[in-house]
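Below, subunit A partners subunit B and then partners subunit C, in two separate complexes.
Entry: the complex of A and B
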């Protein structure tokens, strides 16, 4: 049971997640995103082996953002003629404003949870392979993503080494993040110079092994679409349709 | 019957952005089963020649080809993209940028998928090539976690998975230390005999190969073949003999230094001294803590205990451009503001950088970058210089330049601590040798006593320098 989200075909999952996000964008009541959000959390709880500590940590900024949306909409929302629910410190909140604010913040929560569901249950390599096989992503693009993914740890090492070397030259660690951001270009120049060289080498190595970018006819590990995917597609769609329907009913 | 696999007649090649040809009037043929090495200084067009044989050129650079190139009896330009690569496989020099998949098995599968091998046959081919190369145990290993030597073996296995007739090697040893390189050659030799491959290699460090090849093609600076002859085992690069410049005053005193990072003990209580004008080589197996020691000495890593006394320690990383911060060589030296403009001018003069002073530090050659880095360290007032693997991937001319650079600087009273795997270079340059193993110091030895002690060297995964007698003698 707890493997279902992990075992799912990544392309199908990707289509379902993107579809749900687009659909949610058309619902402005607070109920639809709220119910959908709850359903997604429950799905993760029962159908995946997510590291919840990591999950909470990743959700923290989104939760803060969502709260920010809530109060800015309440404080700065356009005045309307609906009934005033309550007044606090000179700010009166109308029913319309309250609905908008809740809708916005629940939407932030729903979308971020949904993205995390995808990110935390999908193996990047399998995702790219599946994009190539199910969604016909050109191999040229797919393998350039793969190569960059392989280079990430190397680039991280290089970044640290350059930073250490430059500190020796007397480059101070700036106090403010914006100063550090400005100084980033010093670090990026040596890195880019190396990256261009590496990219060319990798391209040569791949070509020398017969890679032409043409569509492939055979896969060593075909990523398949199984009954699990059908089941999960139905589950996702019913959750989406269910929360939309419930939203419409409850907000009338 | 022997057939010509490759036949070049008066072939020439020019990069579209260059005025001069990179290759000129190249004519030779390669027969099946030959082991051919193409040698020559950097910039002689030997890699370009190799890329004409596997069709990476001219398509990838819009190069202009002249003369006749026949591959397996067919005109080179009649091949479809990727068609020739089934028969001609290549192993490149950089072990870090030859792979696009996470595990060994997936990387092999990538190669087979390119060839449109049916899926049912892939399993057999993968098992077979792993068996042949003796890599079966690494089948599910993450490639990026392997050592450089193992990565090169995996790259070779991927090449062999295509069942090629010809194996091209583009300086396959340049990123390996001599010990690993020797192991790789022995392994490759066995493989070549088993698979009956034709091997064509580009290489500048021929001494490591012993008698592997049977034919040598030498290229000259103008991109012409200067000799085509039987291969003779080569002597290592010969450095001039140098007289030690060690003075009596101490430049660096290290006492009981330990380094612990994230509760892992990387170095435990090292103590040694270095004099003014001394060249100290630090050697030991991979991962023994050599680079950690350098980083602890110059202050990149915090030491957890011990003291370091010195008038100033500078650090030159393996890629000197990591240090660069300014737009011109002159500003680079003046960056910290420690030296006055006249001192900077004097340094530029001493390091022969005057002509380059307005060049961008990234645009000069690798040897010049190292001189700029040393200049910057001296301008910052660091008379003790730490160099991390300055010999890796350098051809003999570059090694001679490095040797001269170090030799001249110690005359001025500088002290060098050099991490290197190149024992011939170490033997030529070192006054003393610091052996490290598992984060512990075996000891500081005078150069003359260490090179003859094969057992001591072998226990640190080092090979005695070729011609060790000469070095041992010259110090006696």
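Entry: the complex of A and C
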């Protein structure tokens, strides 16, 4: 059971998650996103082996962001004529505004939880492979992305190297944290120049090994669509339809 | 679309996607810090950062798709690195890229100067704002506040993405590593070849 979200076909998961997000955009009542959010958290709780410490850490900025949404909507919300709930420091909050504000904040929470569900249960390499096999992403593009993705650790090393080289030569003055942040811009250009050279070398190497970018019918590691995906698709859609229906009923 | 692309251009574009995926992710975290304090308007003035790869890549490669593809890839990389904004980010990446692409398509991919780059930055801003209006529910906000957000975003797109992107690509050209790409050929005077 706890493997279901991890074993799911990444493309299907991607389509389901994106579809749910777009559907949520049509709802302005507080109930729909709130119920959907709870359902997604429950799904993660029972159907995945998520590292909850990491989960909480990654949710923290979005929780803060949703507070930002809450009060921005309350203060700068569109004027309306519904009943005034309360007044504080010269700002009066109407029932309509309160509903909108809650709805937007819960939407932020629901969307970020949904995104974490995808990010924490999907293997990047399998995702790209699946994009190529199920959603017909051109192989030229798919393999180029894979190559670039493999460069990530190299780029990280290079970042440190360039930084240290510049420090050695005394280019950087780093007395305060903001100077450290500002100095990042000096690192971008050498990094990019290195990236350009690496890209050229990688492309030559790929062509030298006979890569033409022609579409394939057979793959070394096939990513398949199974019955689990059908089950998960039904589960996702019923959760979405259920929370939308509950939202409509509860807000009337 | 990719038929006319050389493999090295595709790999270069993907690698830019990776580098700027990281830059974008850092920018998201920076933005999040004060978004908690001053609400979603915190992102508006820095929105141009998230459009920049379209302009750099188009300036260097100069082929149809060179704006929308790297922007999409940067978004995919961000998702692969585990940005909590997740898959919907890919969609906004595509939309932002299309905004810039539209500006270049208007000129038939023939003219590449500062004005066009600024127009492309503004294009990304407009497209992403329309999308944001829909997905983030800006309709619930006061129209004048929405107008302020829109103006800030377009200005940021023009200045940070348009001017900044051109500046970065030009400095990169100066390092000499871009020999063999359209940007270097254009300098020599046989553009469009």
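To be clear about the criterion, the second predicted complex is superposed on the first by the 237 of 252 C-alpha atoms of A that agree within 3 Å, B and C clash if a C-alpha of one lies under 4 Å from a C-alpha of the other, contacts with A are read in each partner's own complex, and residues count from 1 in each chain.
The definition used in the following text is that a contact is a pair of C-beta atoms (placed from the backbone, for glycine too) under 8 Å apart; a residue touches a chain by one contact, two chains touch by 3 or more.
Note that the structure is predicted; figures quoted are calculated from it, not measured.
Bringing the complexes onto one copy of subunit A puts subunit B beside subunit C with no clash.
In the superposition on chain A, A:140 makes contact with subunit C only, not with subunit B. Of the two partner chains placed by superposition, only subunit B is touched by A:220; subunit C is not.
When both complexes are overlaid on chain A, the residue A:165 reaches subunit B alone and has no touch with subunit C.
Once chain A of one complex is fitted onto chain A of the other, the partner contacts of A:67 are limited to subunit C, with no touch recorded for subunit B.
Using the contact criterion defined above for the overlaid structures, shared-chain residue A:155 touches subunit C, although it does not reach subunit B.
Of the two partner chains, both subunit B and subunit C are touched by A:189. Of the two partner chains placed by superposition, subunit B and subunit C are both touched by A:198.
In the superposition on chain A, A:207 makes contact with both subunit B and subunit C.
Among subunit B and subunit C, the chain that touches a larger number of residues in subunit A is C.
Between subunit B and subunit C in the chain A overlay, the least Cα distance found is 5 Å. With the contact threshold set out at the top, residues 147, 151, 189, 193, 198-199, 202-204, 206-207, 211 of subunit A are in contact with subunit B in one structure and with subunit C in the other. Subunit C contributes residues 2, 5-8, 10-19, 22-23, 29, 32-33, 35-42, 69, 73, 76-77, 79-80, 82-91, 134-137, 139-143, 145, 168, 171-172, 175, 177-178, 180 to its touches with subunit A in the complex.
Remark: subunit A residues 14, 17-18, 21-22, 25, 28, 58-59, 61-62, 64-65, 67-69, 71-73, 76-79, 100-101, 103-104, 107, 111-112, 114-120, 124, 127-128, 138, 140-141, 144-145, 147-149, 151-152, 155, 188-189, 191-193, 195-200, 202-204, 206-207, 211, 213 touch subunit C in the complex. Listing the residues of subunit B that touch subunit A in their complex gives 51, 54, 56, 60, 81-82, 85-86, 89-90, 92, 94, 96-102, 106, 109-119, 122, 143-144, 155, 158-159, 162, 168, 295, 298-300, 314-315, 317, 319, 321-325, 335-336, 362, 376, 380. Taken together, the subunit A residues at the contact with subunit B in this complex read 125, 143, 146-147, 150-151, 153-154, 158, 161-162, 164-171, 186, 189-190, 193-194, 198-199, 201-212, 214, 216-222.
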